[in-house]
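What follows is a group of structures, each given as structure tokens.
Here chain A shows up in two complexes: once beside chain B, once beside chain C.
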Partner chain A sequence: MSELKQELKEKIIEQLNLEDVAVEEIKDTDPLFGEGLGLDSIDALELIVMLDKDYGIKLDDPKQGKTIFESVETMAGYISKHRSR
Partner chain B sequence: MKKIAYIAKYCHIKGNTVSLDQDILFKNTSGDLGDFMKSAYKHFAIEYPKFFKMDRLSKLTFLAAEVLLGHPDTSKEDWNLAVVLSNRASSLDTDRKYHESISDADNFYPSPSVFVYTLPNICIGEISIRHKLRSENSFFIFNAFNPGFLKDYSENLLHTDKADEVLCGWVDVDKNSYEAFLYLVSSTGKSVHTEQQLTKLYRTP
Partner chain C sequence: MPVYINSIGSVSAQKTFDNSLFLEDVICYNDTVLKIIAPDYKDYIPPAAARRMAKGIKMSTVSAKTAMTEAGIEENEIDAIIVGTGLGCIGDSEKFVRDIIGNKEQFLTPTRFIQSSHNTVAGQIALGMGCKGHNFTYVHSSISFESAVLDAKMQLENGEANHILVGGVDELVDHHVKTHELIGHIKERPVETMSVINSGTKGAVFAEGAHFFTLSSVQRPSCYAELMGIKTYNTLTQNQVPEKVRTFLSEYGLEPNDIDAVIFGYNGDVEFDGYYNGLANGLFKNTAQVYFKHLSGEFDTASGFGFWLASKIIKEQRVPNVVHLNAVPVDGPETMLIYNQYRGENHSLTLLRRC
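Our next item is the complex of A and B:
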């Protein structure tokens, strides 16, 4: 699980172009949206694509993203349970 | 009687150089356009993380506007600055990138963050957000910089009280070619806003 969290942090930084953010600055429970990393709605869509492309998870309802993308920890938990690759 | 419009200042970004009026402010000949713009961002001590999410056209426009307008002035809450930009390649630079992401049916993952930049006027949106502008704006496509059209259009905005000032110019990115020439049309300035003067400034090396 910790490997997956590390992987997710690296992917988030790279794919969302968080130029000034380092992996070690992202805590597992930090909110990804709002006051945390300050991601926006386009970033949310990019994360949905990432789930599909990298882990074979298709979200039928984008509203699910609100709870899945709460933090790296919630993302890792959801991916662990539902991944097909 | 129509008020005389002036070119208050202008910014050129081309050939790995950023200049304001005739002064070279920054030059970096190493790396590609992306590297150049990143180094310019750091040189001008801009703090705006969204910059790194922009496509190349928006980054170039953003940098030129930043040099020309300075960091956002919070005292100018109702700054009626219209934005009228133009180029040749529209958003082709990003359109190609997006097309690549959807051209393989077995690896079909269109990127939302690339897609949002597949319109040229998005770069106007980026600088409007940065400088809190809620003003008139337009983006035109021409084969080349068209000072006559831009002069008439921007002065019409001023003379009909649609704007107090106009950020105007040319910003183009296509493969390895890029150029930004932005200028501020205002009621004061060193040179009168004429087609001839715009042509002269645009051609200034």
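Our next item is the complex of A and C:
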């Protein structure tokens, strides 16, 4: 689980071009949207594509994203339960 | 109604992003492609906004902001944003296409798609400024910039706008460079850019850049010059060029001898520099001659650098030695002509005068 969290932090920084953010600056429970990393709706789409491409998870209901993408911890928890690759 | 160039902004292969400088510290290259000298983008763009911007958008934003600041025009006073680009945000276009192929048309992300259209630059600048006015992008090869300027000029002359932000931008990316190397449009071997005009070889030294200007119907204290006229031609033979120049100048009651300095777009391509030689050894034999692509390199909107240079020369009333091509002295230039073409096509004539 901790490996997956580390991997997610690296992917988030790389795929969302967060050039000024270091992996160690992202706490597992930091909110990704709003306060915290300050991601926006376009980033949410990028994360949905990432789930599909890298972990084989298709979100049928985009509203699910609100809870899944709450933090790195919630993302890791959802991925470890539902991943197909 | 006259059209004034009230301010300028440039990001190029030289240190031109600081308007207080004028080619004092020129960079000489020995290469076949030149990248921009980038300013510190954090000084101009919030990091949160910059992270999703392609290089072309970043350098255009800096150039546009520099021009807006110098003109002292409020963002809500800009009536239109008009941009010319030969290739748009080709970097993200390439990545998007690569993703389509690599991922078998699946998993396409929004950021690259958003930035893969040519009008992204004009759109992003407008979003940043909150400008809801006319927003247009001309994609017309090497007269893209001139097309944007011509549109702005006509709108200002017709009283449809008072202040227009006009610019030209093109960025370099690997695939584009490779394809143009293959077809011989880029020089085969590195050349000393300061002597590229004498290279005697085919092709040009490719580059990138962004040049923005505020054009207005009202003269501001920062004014550089008046834009008298601009005209483009798709195809001309070398023999037709002098006559076209004469006709163009006559529309403004001028003869070739009335031009104090002429700027040529020489790029050192032995196949096509003859277009400039014809004028340099003919109509403008006794006129001060200026060139610039040994500094800027060649790209679809390189003429924006020529426009920037002419504006600077007229405002500062001096021609830096590094761009002075012949021995004819120029003292206090009042009227300047820019002639540019690329590979014998897309010719442009631009006439500026002191105001």
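Operating definition for what follows: the second predicted complex is superposed on the first by the 85 of 85 C-alpha atoms of A that agree within 3 Å, B and C clash if a C-alpha of one lies under 4 Å from a C-alpha of the other, contacts with A are read in each partner's own complex, and residues count from 1 in each chain.
Quick note on the criterion: a residue touches a chain if its C-beta (ideal position, glycine included) is under 8 Å from a C-beta of that chain, and two chains touch if they have at least 3 such contacts.
Source: prediction; values computed, not measured.
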Fit or clash - chain C, chain B, common chain A: clash
Touching partner for A:46 - first (chain B), second (chain C), both, neither: both
Chain B clash site on chain C (candidates 25-33, 43-51 or 187-195): 43-51
On chain A, positions contacted by chain B and by chain C: 16-20, 38, 42, 45-46, 49, 52-53
Residues of chain C that touch chain A when the two form their complex: 47-48, 51-52, 103, 106-111, 114
Residue ranges of chain B in contact with chain A within the complex: 49, 51-53, 109-113, 116
In the complex, chain A residues that touch chain C: 15-20, 38, 42, 45-46, 49, 52-53
Residue ranges of chain A in contact with chain B within the complex: 16-20, 38, 42-43, 45-46, 49, 52-53
